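Shared chain: chain A. Partners: chain B in the first complex, chain C in the second.
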Partner chain A sequence: MPEVFIDGKRYEYEGDHQLLQFILDQGLEVPFFCYHPSMSIPANCRQCMVKVGQPVKDRESGEYELDENGDRVIRWFPKLQTSCNIKVADGMVVHTQETDELVERAQKDTLEFILANHPLDCPICDQAGECPLQIQTYKYGPEGSRFEVKKVHKPKRVQLGPRVILDAERCINCTRCVRFTDEISETHQLTIVSRGDKNYPTTAPGTEFDDNYSLNTVDICPVGALTSADFRFKARVWEMNQTPSIDITNGKGTNIDLWTRDNLVLRITPRFNEDVNDHWMPDEGREAYRVFNENRVSKPAQNLDGEQVKSSWNNALLTLAEKIEEHDGKEVLFVGSPHASVEENYVLMSVANLLGAKNPVFTPHIEEGYGDGFLLTDDQAPNTNGCRALGLDELSAADLKKEITGAKMVVLLNDQLVDRNVVSAKDIETPFTTVFATNHSETSKVADLVIPITTAAEHAASYVNVDNRAQRTVAAKETKYTNRRLDIEMSEGRLDRYGTSFDNWVTEDNKVDCMPFWNFTSQLADRLGLDLSYDTGRDVMNEISEKVPAFKGVSYSEMDANSGIVLEETSDKTVKS
Partner chain B sequence: MSSADWKNYERVLIPDIDGLEKIDVYEENGGYSAFKEVLTDKKKWEGPKSVVDEVKAANIRGRGGAGFNAGLKWSFMPPSDGGPRYLACNGDESEPGTFKDRKIFEYNPHLFIEGALIAAYAMEVTAIYVYIRGEYKVYIDMMEKAVQDAYDKGFIGENIMGSDYSVDFYVHSGAGAYICGEETSMLESLEGKRGYPRVKPPFPAQKGLWGRPTTINNIETLAHVPNVINRGADWFSSIGAENHPGPILYGISGHVNRPGVYELPTGIPVLTLINEVAGGMRNGKELKAVIPGGSSTPIVRADQLDGITMDSDSLREVGTMLGTAGMVVMDEDTDMVDMLWRISHFYHHESCGQCTPCRDGTGWLEKILLRIKNGDGEIKDLDLLLDITTQMEGRTICALADAAAWPVRHTITRFRDEFEARCKKSVHAIA
Partner chain C sequence: MAYEFTEEDLQEIEKIKAKYPEVKAATLPVLWVAQNRFGHVEPDVQKLVADTLGLPQAHVHGVASFYTQYYKEKKGEHVLDVCTCLSCQLCGGYDILEHLENKLGIKAGETTEDGKFSIQEVECLGACGYAPMLQVTNDQYVNNLTPEKVDDLIETLKAGKEPEYDQIGMPLRKVK
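For the complex of A and B:
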């Protein structure tokens, strides 16, 4: 097997590798700025310099030539090489900054150059704390500055587009953003202008940077040159918790991180998943952080004499139980939702079955022509395939409307049917309608009973994307009834791990008075005398994988280990009892 | 012909013939006969490879500055796969002190066109591009006319002169960037992109213009080709210096009585060029220094010049290079600090900004030099300047960082006393 020696240690490899990526894959480090694994390699930052040599082979015998000590004779490249654009070759010998003073010096020199015209305004810069330039300067940079002349001044606070702001002085001209618009989003909206130390990225005159994926450039910017118009100056990265989750704004199931502080989701960034979204996400998905914070249904509400008033949990529970008992199971229509998780839909289905009601129905939320073949999909819901895999009855919008208007009682799982014009407000008003909702909407407004449930940011639950991949979220923020230090389903942040109880910001108002759907349903089942009880989404999923053939072998640990699991197509739709 | 006999040298690149820029006059004087012979005389020229071999034997060392054997460069082109292949002619000369190719555009454009056509045939090229510096507006117009005339006469186009060889010829104007004279950024510029030099490998011969095999040659280099075909490789390699043969265009500027472009053999002593060819120093002043081949080549002090001739071997003895043979002569009144600042200003202005060491290094160099020039510099700044040049050299994609660093390094080391005299007499406490 071909071999390569890095800092004196031997590594075997197969296939084609760029040296820098190979080094990073071994868990070693070489500093870099312009290189990005998903884009072309311009080798322009000159930061990842290493010393590279190739052993000398005897032309005739093909054997390695040896010196008097029996070591291979190495022919070194005359200059230091940028490791990003050099291919690993058999027998290659590499010296990084760890073992070679010249390399260490070269990296330090490059950082000195980069910092020469960098404003060094880290204390007011949003990137501070997650800034490759800051981190690498601490690790590999010069101790002080010898730059005693005037820095170059360039445009600051330039609104490049609706979502991205440029500070050209911070820019180190790595061209990652330009390459992103050229190679990934293919809108070619950015370019570098001017020359030498005056150059910076911007749009063509009279155009704006309104790319659907523009905020990815903020993520990949290795300095604070590009910042998000929405997020900037809102929070320091080290004060936030980072929780892995899934984008619920469309059917792609983009892997994301929720950044929370004080039980508010402050921003959403993409999380790497080679099979789904690579390093990217659409801007739309990032805007969705508001869904978790704003306009939330907090505390149940009941329609009394044509007016919705807040109610207690106990009262809501009793009202719903009574209404169910008043009706024959067959008269109750359970409506599932592609906007709700697999677990929620499954629990709804279980209740319906236990009550002898019709199998729950749902209608997909499709907007034809909305998708772009990349990360935006026609499907506006995150879990359409999940509903299908569970075996809910899929109806057209018109058929669902017919069903609802014909029912005496409707239990609607988080789906804003009125808002998306499947039914009218009137259709909902006629039967006794209970809506389990995360956010206020035209639909929840006209319901007879509104029960607040948790969002994807508050519970761990699974979603099946357009490619049949089941992935799950992790609870990122607390509700009134959870505690991040006690709830094992909750992600643990730096402050949870190392801080005291007083380090995390806690504003009680930011905690929503809501409950996971399965918890409320368990209480309801208890009241109705049904055999159904779940504590967490994990419990529900364990049962699903046992009982629903499509989800065989799916569990939270398996999804975590494999970045999601692709459900196998199965004709067996029967749910085991 | 030896270089000592330079007074009897008969010019071949820009001979003294009136109206040679007109295609009819050029043809009357034997123009396009070499191209015709290569295409039609199958006995003498068995095919493209025989042309490459002849040019390789002539040892035309590239006149763009790097001095690489042109024929050898041509032989790097992979065998034709039937797809497009390109010849890109570099007429972007913008280095301070270099102004020779413009004379070819002006006085003998068809010689260059013929050379390019022969080169294109030799490498089985399908299209020729000539990239001309944007400021040369007049010459661009002249070249466009010359190319059109050659098209009209059937020297360019489909099935040239009844052969099965076809080629197209395009004149492309630069837009004012020195960096576009770097061969790979010239290709980017030809493709309509920002003039950023490309990372090598892949080399242009493998992946050049639009990803296809491409060779890049200097204008003067190609202008030598018809003469090599007509008179033979031996004729060419017998002229001038042994390892750097042939006629060459010397562009002499600065404090001499007769600055200008002179066509002479290589290997003429520097002092002969100054004192005899260029008419001696202006106002009878003393010679102080010479930059031999464009502003990026290291400067040489007058006392180093005894016996030094204009060819790469001899110039290497005094730590410099032939470059483009664009010689800048400076007399005793020249202020080295001002001169170096002006050169640094040029490289600062022209750095494309792609690589960090060059982007920020060139600006830093200029700003420190400006400080010294204004009398605010300190002695330690000189060491810092040398340090910065070390940090720039050999760490970038193209050679612009080297070109910016060498003048600083060599001017300071060779005229350090002048720089120190301009610095403040700084007094630093020892403890």
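For the complex of A and C:
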């Protein structure tokens, strides 16, 4: 097998590798800025220098030439090489900054150059704390600068587009942002203008950077030159907790991270998943943090004489139980939701079945022509295929409307049917309608009973994307009834601050008075004398994988280990629990 | 203002495109075609070039902005590119620039009111051996400058005469 020696250690490899990526894959480090694994390699930052050589072979025998000590004779490349654009070759010998002083010196000097005109305004820069330039300067940079002349000034606070702001002085001209619009989003909206120490990226005159994916450039910018107009100056990186989750704004199931502080989601960034979204996400999905923070239904509400009044949980529970008891199972219509998780829909299905009601129905939320073949989909809901795989009865919007208007009592899982014009407010007002909702909407407004449930940011639950991939979320913020200390999956931020006066998770108002759907339903089942009880989404999924063939082998640990699991197509979609 | 290429320009552009495997490579020569036609490559002209070649507008803008030889705004009849790069700087390039600025009453980057002259401060033009130097409207080099020589040059140009200096031909640029 071909071999390569890095800092004196032997590694075997197969296939084609860029040296820098290979080094990183071994858990080693070489500083770099312009290289990005998903884009072309311009090798323009010159930060990733290493010393490289090849062993000399005797032409006739094909054997390696040896020196008097019996070691291979190495022919070194005449100059240091940028490791990002050099291919690993058999027998190659590499020295990084760890074992070669010249390399160390070269990296230090490159950084000194890069910083020659950099404003060094880290204390007021959003990127501080997650800035490759800052981190690598601390690790590999010079202690000071020998440039005593005035720094070059360039445009600052340039609104490149509706969502991205440029500080050209901070830019190191790595061209990652330009390459992103050329190679990934393919809108070609950015270019580097001017030259020498005056250059920086911008748009063509009279145009704006309104790419649907523009905020990805903020993520990949290795300095604070590109910042998010929305997130700017909101929080320091180290004050936030980062929790893996799934984008719920469309059917793609883009893998994301939720960044929380004090029980508010402050920003959303993409999380790498080769099979779904690579390193990217649409700008739209980042807006979803508002769904988690704003306009939330907190505490149940009941319609009394045409007015919604807040009610206690106990009252909500009793009212719903009474109403269900008043009706024959057949008279109650359970409506599932492609906007709700697999677990929630499954629990709804279980209750319906235990009460002898009809199998729950749902209608997909599709906007034809909305998708772009990349990360935006026609499907506006995260779990349409989940509803199908569970075996909910799929109806057209018109048929669902018919069912609802014909029912005496409706139990609706989080789906804003009025807002998305499936039914009218009138249609909802006629039967006794209970809405389980995360956010206030035109739909919840007209319900007889509104019961607040948790969002994807507050519970662990699964969603099946347009490609039939089941992936799950993890609770990122507390409700009134959860505690990040007790939910072992929740990231706690800095342990040394927990519960001290430095703990910044203190605002009681940021905790929504809501409950996971399965918890409320368990209480309801208890009240109704039904045999159903779940503690967590994980419990629900364990049961689903046993009972629903499509989910055979699906569990939280399997999903975590494989970044999601693709469900097998099953012919029998009407399995009931 | 809407700019348009003439039939003749378009034919020339087709010929240029045929020379390269990729249309991107035609950006520079076609910008010359445009500048020869309109006297500058303002943003609207850059857009015309981009649309004609089917290239992103941002790309053409990036290329045009890289070279001081392309005029991104309307310039005077004579554009004086004064080199202030290292060799010229050491040999008094800034003094020449200052002299010229005072003489014409404008700063580098500006154009005289009568539209006769523009001054640009540029980087090395590859004539370091004759420093300090300047170039007239992407054409003649005027070398080994002294204030007197600059005065002479201005008078010659004002009189509508060709300055008598070496002429270095450049491909695709219209040599008068």
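To be clear about the criterion, the second predicted complex is superposed on the first by the 560 of 577 C-alpha atoms of A that agree within 3 Å, B and C clash if a C-alpha of one lies under 4 Å from a C-alpha of the other, contacts with A are read in each partner's own complex, and residues count from 1 in each chain.
Here, a contact is a pair of C-beta atoms (placed from the backbone, for glycine too) under 8 Å apart; a residue touches a chain by one contact, two chains touch by 3 or more.
The shown structure was predicted, so the numbers you read here are calculated from the model rather than taken from an experiment.
Participant: Quick one: on chain A, after the overlay, do chain B and chain C clash, or do they fit? Just give me the call.
Facilitator: Result for chain B and chain C: clash.
Participant: In this superposed model, does chain C or chain B come into contact with more residues of chain A?
Facilitator: When the residues of chain A touched by each partner are counted, B comes out ahead.
Participant: Looking at A:Q189, would you say it contacts chain B, chain C, both, or neither? Reply first, second, both or neither.
Facilitator: second
Participant: For A:R59, select first, second, both or neither according to whether it touches chain B, chain C, the two together, or no partner.
Facilitator: neither
Participant: Would you check which partner chain A:G206 touches, where first means chain B only, second means chain C only, and both and neither mean what they say?
Facilitator: Only chain C; A:G206 stays clear of chain B.
Participant: Counting only touches as set out at the top, which of chain B and chain C does A:A43 meet: first, second, both, neither?
Facilitator: In the superposition, A:A43 contacts chain B only.
Participant: Tell me which partner A:R497 touches in the superposition: chain B (first), chain C (second), both or neither.
Facilitator: A:R497 contacts neither chain B nor chain C.
Participant: Chain A residues touched by both chain B and chain C?
Facilitator: On chain A, the residues that contact chain B in one structure and chain C in the other are 191-192, 194-196.
Participant: Spell out the residues on chain A that touch chain C in their complex, using ranges where they run on.
Facilitator: Listed in rising order, the residues of chain A that touch chain C are 181, 188-196, 203-207.
Participant: Per the contact definition, I'd like the list of chain A residues that touch chain B in the complex.
Facilitator: Going through chain A, the ones touching chain B are 41-47, 49, 78-80, 85, 106, 109-110, 112-114, 116-117, 146-147, 149-150, 152, 172-173, 175, 191-192, 194-199.
Participant: Quick one: in the complex, what on chain C touches chain A?
Facilitator: Spelled out, the residues of chain C in touch with chain A are 43, 46-47, 50, 56-62, 65-66, 123.
Participant: Where on chain B does chain A make contact in their complex?
Facilitator: Listed in rising order, the residues of chain B that touch chain A are 177, 179, 194, 196, 199, 348-364, 367-368, 371, 384, 391, 394-397.
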